[in-house]
Amino acid sequence: MSTIGNAFAPVRDAFDSIGDAFHRMNQWQKYSFYAIVIIALYLAPFWTDIPVIGPIVDTPGTQFSTVLNDQVIIFVLVALGLNVVVGLAGLLDLGYVGFYAVGAYVTAILTSAHGNLPWLLSLPIAVVVSMLFGVILGAPTLRLRGDYLAIVTLGFGEIIRLTAKNMDWLGASRGISNIKKPPSIFGLKFGVIDPKPYYYLGLTLVLIVVFVLHRIEYSRVGRAWVAIREDEDAAELMGVHTFKFKLWAFTIGAAVGGLAGVHYAGKVGFINPDNFPLQLSILFLAAVVLGGSGNMYGAILGGVLVAYVPERLRNFADKRVFVFGVVLVLMMVFRPEGILPKRVGDEHKKRQRSSQNEEVAQ
Amino acid sequence: MPDWLIIRTFWDLTVTGLALGSIYALVALGYTLVYGVLRLINFAHSEIFMVGTFGSLLASSQFLNIPLLEDGNYPYRAGMTLIFFLVVILIIAMVFSGISAVLLERVAYRPLRGNGDSIGAVALAFLTAFIVSLIFIDDTQVNVIISLVLTAPIAYSYLRIFKRGRKAPRLAFLISAIGASTAIAEAVGVWGTHGRDQYQTARILEKKTVFNLFGTDVRIDYVIVIVGALLMMTALTLFVNKTRLGRGVRAVAQDAETSRILGVNVDMIIIVTFALGGVMAGGAAMLFTLVYDQTRFNIGFILGVKSFTAAVLGGIGNLKGALLGGLVLGLVENYGSAIFGGQWKDVIAFTVLLVVLMFRPTGLLGESLGKARV
Amino acid sequence: MLLEVTDLHVFYGRIEAIKGISFGVGEGEITTLIGANGAGKTTTMRTISGVRTVTQGSVIFDGQDITKMAPHDRVKLGICQAPEGRGIFPGMTVRENLDMGTYVRGGDSAQKAADLAHVFHLFPRLEERISQLGGTLSGGEQQMLAIGRALMSRPRLLLLDEPSMGLAPMLIAQIFEIIKQINSEGISVLLVEQNATQALRVAHRGYVLETGYVVKDGSGHDLLEDPAVRAAYLGG
Amino acid sequence: MKKSVLRAGATLLALSLVGVACGGGDDASGNGCEGDLKIAFFGALTGDAGNLGINIKKGLDLAVAQHNAENADNQLVVEAYDSQGDPDQAPALADKAIADPCVVGIVGPAFSGESAAVNPKFEEAGLPIITPSATNPDLSKNGWDIFHRALAGDDKQGPGAAAKIVADGKMKVGVVDDNSEYGKGLADIVQESLGDKAVELNSLDPEASDYSAIITAAKDAGVDAVFFGGYYAAAGKLAKQMADAGVTATFYSGDGTLDVGFIEAAGPAAEGAILTCTCAPFDTNPEFLKAFQDANDGENPATYAAEAYDAASVFIAAIKDGKTTRADILEFINGYDAAGVTKQLKWDETGEVTGSAVYAYEIKDGAIKGIGLIE
């Protein structure tokens, strides 16, 4: 039997060779490349005005720049956070929407329902509270393995949503309105209609998160995560304090999820429990795995796709969720590691691919 | 004794809790069987149940031609006719669920095991052509025709890709499952005759009280559900423990590699496993429509999450655990609702799960399909 | 020859584990493959059982080409293996484990009872443990169970992968006695062993494997006497 | 290879800059509309609550079609924004509507939840809205100038429903809701109005299948009526399961249940159920009824269709009056006072329609029958 992987090998090789080309660039070239990409991204709300590209990227029925912020930025932030939990530490979290909800609710409570803090001040508080929730959920449950953790986290997400729905103090099913907006700065007015300032803010948050996560990933903590993901028992034997690092993964993931919630609450100004359904957790997970679990840039791409494609496909409004489901299956059948799989050393890569060839019935 | 609602209505809550719990348990069996054999959360199992409810809907409305109402009243049947109708509906629901479970395995899982075959390739090819044609034309009939034409060449190339197949990582199975689940539910929601609305199923069983339990009237449909579920579960346990294929299922669950060496056809066993889970879900679906006489495209989701919770609560991979978990969950939900109010029902269910797993990390009865014995 | 393996190549992903070996097992003979860890012995066994796919080469059993045959069809032909590490189903009783040996064959209960009696005759310990779970047996008992289970399939060719691994010397001697006895009943045996001395002593024919190649072959007796083999595998 | 990566990035950047240059920050709120003016539908056409949105759009379509037939030189277009009733999806649609200068009025948003999410946007854009169905009382308390309701809110309906229940001689009323913004809001008002006649039975999950725990509590309390705040699908399941469990209490519910879907779901158990709505019975205005039937293959207008027709008529009246900008139309609406098919259309400063009424309906022989005004 041929052992050369699947028919997407050319695609994978293309990605690999782009990656290799990138790695061969010198410092100066790399930085200018980053700069170009980042500037282009900041200009994304105007892409629809570009002659040929505009009609291709524009979303029918919905405002492109609103989609960029409300859907794409939120999904990218969340995917980045969830990637730490699922992709790096290998912990299957089906209730990640819970942290997103915590971030949004803390902001809502502090700036509207029970307080009058400015949005900016609520941000660090909400992030810290989200991390606390990460610890609260993680500490008792991280001893559970794989699929048990999945259902427990799923339950956690539901508990958060239902608690918000049933407690008057949290606005119950009415939700919380009049959430404060981010402060106007550099001439950017954070109003109700124009989504562009929120997008700039969101993109900035994404870049900061990417930078921070990048640092963490290549630190001792990141290496410990990889060790846990590959073989938890072996990691434990090697002296990695697995519980501590798993908890860290959970907490950092929660912080990013919470941050996304803060950004969302500040943008929409009104939240209610129905904004945080269980299905959203599943979409978040789909984003991470679709893009390439374990690779930050894969997670970003996955977030963009899962958020953007259904909006782009609004033409066949009621069939787009069906199409999305089928696309997920097809993607997993033909590119199971995601679009941008995690990049590993060449030797390691070979070993990994060959071990995936083992034909054991799972 | 304090005069609490839960105490006043204890037996009432118990009967209805056991009935709902029996349905949870039957669906939980599907999760547990597949998990036991493949170590895979078959996320789309909930939709297998949903398909079963539509199977019983079609059975009563199309095959048996029973109207929803006769002169403004339910079309009750009695005696042998009733039994015959119920059996026909049960079998058709089981066939619907069983076949869809097996198809699901072929399309969404088997190719990921690096083992795809022509049925999976054809189905995936058809779906590919269909969604691609959807982008250009939004007319279902035309789409179907285009897709049928394009199926063969695409299937051929898919089959070639399968041939070079390799095994996908675990997470990919879960996402594929989620995708399949979404697609199945949405397909019914989009192309079903009532779309996303509720469907009513004909009620042929008059819901009479059959006996009185500590002052609570127990209705015939609840008795049928509980007894039916127990019978089906016993049949399944006997099958798994006493038959050759059943032994194969247990063997693969415990050690797939050795099973192959001893001549067990693992692919065959996986099909059997999905079929068994599907048949149980079909039975659950028939019992469900018997009590609630309605269904909907998204009916599987909540019930699926609950049943999966039940499976984990009892110990996933463990047949007795599925039964115990289902019944416990049904009861806990009902008692909890009486104490804290219905809106906290799901919170209570998940909290119980959390607490149980903290003290017993592999559920009430622990894992392992192989160890599940009568 | 009952089993003839010709120019066998097997890959694990991109790594070639077996690089073209040829050997045979004669009808009614005990044949042994000896070699160090990683020489490819277990891979060879799994290939003969059909669990691993062959990249190149052929496997002929009793004149029939079985290179591409599914594992369960090979068991039907009479090839059965007691795998490395014994592969006992931990959640099944001894009786159920033995029944798994007849999984493919099916057969009537009288036949099964006779086979069971035969296995219990060879391994009286198993009868004592009949309703105990496989996972609770000792290492020696598990090995007996693995061999017994393979015998239940009424094999023409019994594949034994490291039957002496992890056992006390007393038990090892006992196991090899039983292998001889099984062979004397007309069952051909392919034996893979690190314990080369014992293996060559009972074997009619032996092959020495090194990193995917056959480096030497001959009768069991000749190999035992071969100075190079002695130096490398027999501890002087 | 490395060059090409850089080049691709640079191209993207250049294109973006071109985009900025020719995009120009045009503001949407002016009347820069080229082409026909649009009246937009905003709400669910697909998704779980699609039925109600479809009713509304039919009313809107009828009004616009009548206008277009009579005024060949002044054609209007109906633009539909299908939010699926989801507050998460609504903002991007609202922004699109705001950015389209031709959209001068909105019939919607259909639901209370999405209204809370997007009405602040419409307010800031000065885009007038008339909702034919969002009845949550809090909506009119936000000081939105653009906000108008074509029917009374639940603060009118709730006391009306309670009055009807009391008038029917019920002494012990179990109050249940579906824990939605609309359902819980309405149920709370009903419960408050009923005072000590009410027995709180808490909330149910509309997506769940089994309501036996709540029914057990209702049985235990010995209620002679049950009021349900929520939508028709859950109402049908609840009514049926209550009947199965031998609860003989009369079933009451609000406008969310006023749909044939309720009768379908509840079967014979729906008989005798009393529903309230601040919307008018479909046959209130024979002229409208006939026009609607003619346009829809003899189908009767369902819940909110007449209110949507009224809402659209007000926008059309403004446009006929020569108003073409959002600001002018808004001013026109705020000063409007004329009879519609359902009621006199005149709004107070909070956007509540004056002179509204609560109607009662009964399910009889498998159909919805209006049984008149509740005093």
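As written, the chains take the letters A, B, C and D, and residue 1 is the first residue of each chain.
Simple rule for what comes next: a residue touches a chain if its C-beta (ideal position, glycine included) is under 8 Å from a C-beta of that chain, and two chains touch if they have at least 3 such contacts.
Since we're looking at a predicted model, the values are computed, not measured.
Undergrad: In terms of C-beta pairs in contact, which of A-B and B-D ranks higher?
TA: Between A-B and B-D, the larger count of C-beta pairs in contact belongs to A-B.
Undergrad: If you average the CA coordinates per chain, which chain's centre is most distant from that of subunit B?
TA: Ranked by distance of C-alpha centres from subunit B, the top chain is C.
Undergrad: Quick one: subunit A and subunit B, Cα centre-to-centre, how many Å?
TA: Centre separation, subunit A to subunit B: 31 Å.
Undergrad: When the centre of a chain is set as the mean of its C-alpha atoms, what distance in Å lies between subunit C and subunit D?
TA: 75
Undergrad: Hey, how far is the Cα centre of subunit A from the one of subunit C, in Å?
TA: 51
Undergrad: Any idea how many Å lie between the Cα centroids of subunit B and subunit D?
TA: 36
Undergrad: Of all residues in subunit C, which are in touch with two or more distinct other chains?
TA: 51
Undergrad: What residues in subunit B touch two or more of the other chains?
TA: 257, 260, 343, 346
Undergrad: Considering subunit A alone, which of its residues make contact with at least two other chains?
TA: Expected reply: 1, 165-166, 318, 353, 356-359.
Undergrad: Which positions of subunit A touch subunit D when the two form their complex?
TA: Those residues of subunit A that touch subunit D are 17-18, 20-22, 24-25, 29, 32-33, 36-37, 39-40, 43-44, 46-51, 53-54, 59, 61-63, 65-67, 70-71, 165-166, 172-175, 177, 191-193, 195, 268-270, 272, 274-275, 311, 317-318.
Undergrad: Show which residues of subunit B lie in contact with subunit C when the two form their complex.
TA: Residues 244, 247-248, 250-251, 254-255, 257-265, 368-371 of subunit B touch subunit C in their complex.
Undergrad: Contact residues on subunit D for subunit B in the complex?
TA: 46-48, 50-51, 179, 201-205, 207-214, 216-217, 219-220, 233, 236-237, 240-241, 244, 246, 261, 264-265, 267-268, 365-366
Undergrad: What residues on subunit B touch subunit A, complex-wise?
TA: For subunit B paired with subunit A, touching residues are 35, 37-41, 107-108, 111-116, 124, 127-128, 130-131, 134-135, 138, 157, 160-161, 163-176, 178-184, 186-187, 189-190, 252, 256-257, 260, 266, 270, 305, 308-309, 312, 316, 343-344, 346-347, 349-351, 353-354, 357-358, 361-363.
Undergrad: Note which residues of subunit C are touching subunit B in the complex, please.
TA: Within the complex, subunit C touches subunit B at residues 46, 49-51, 70-72, 74-76, 80-81, 83, 87-92, 96, 99-101, 103-104, 106, 149-150, 153.
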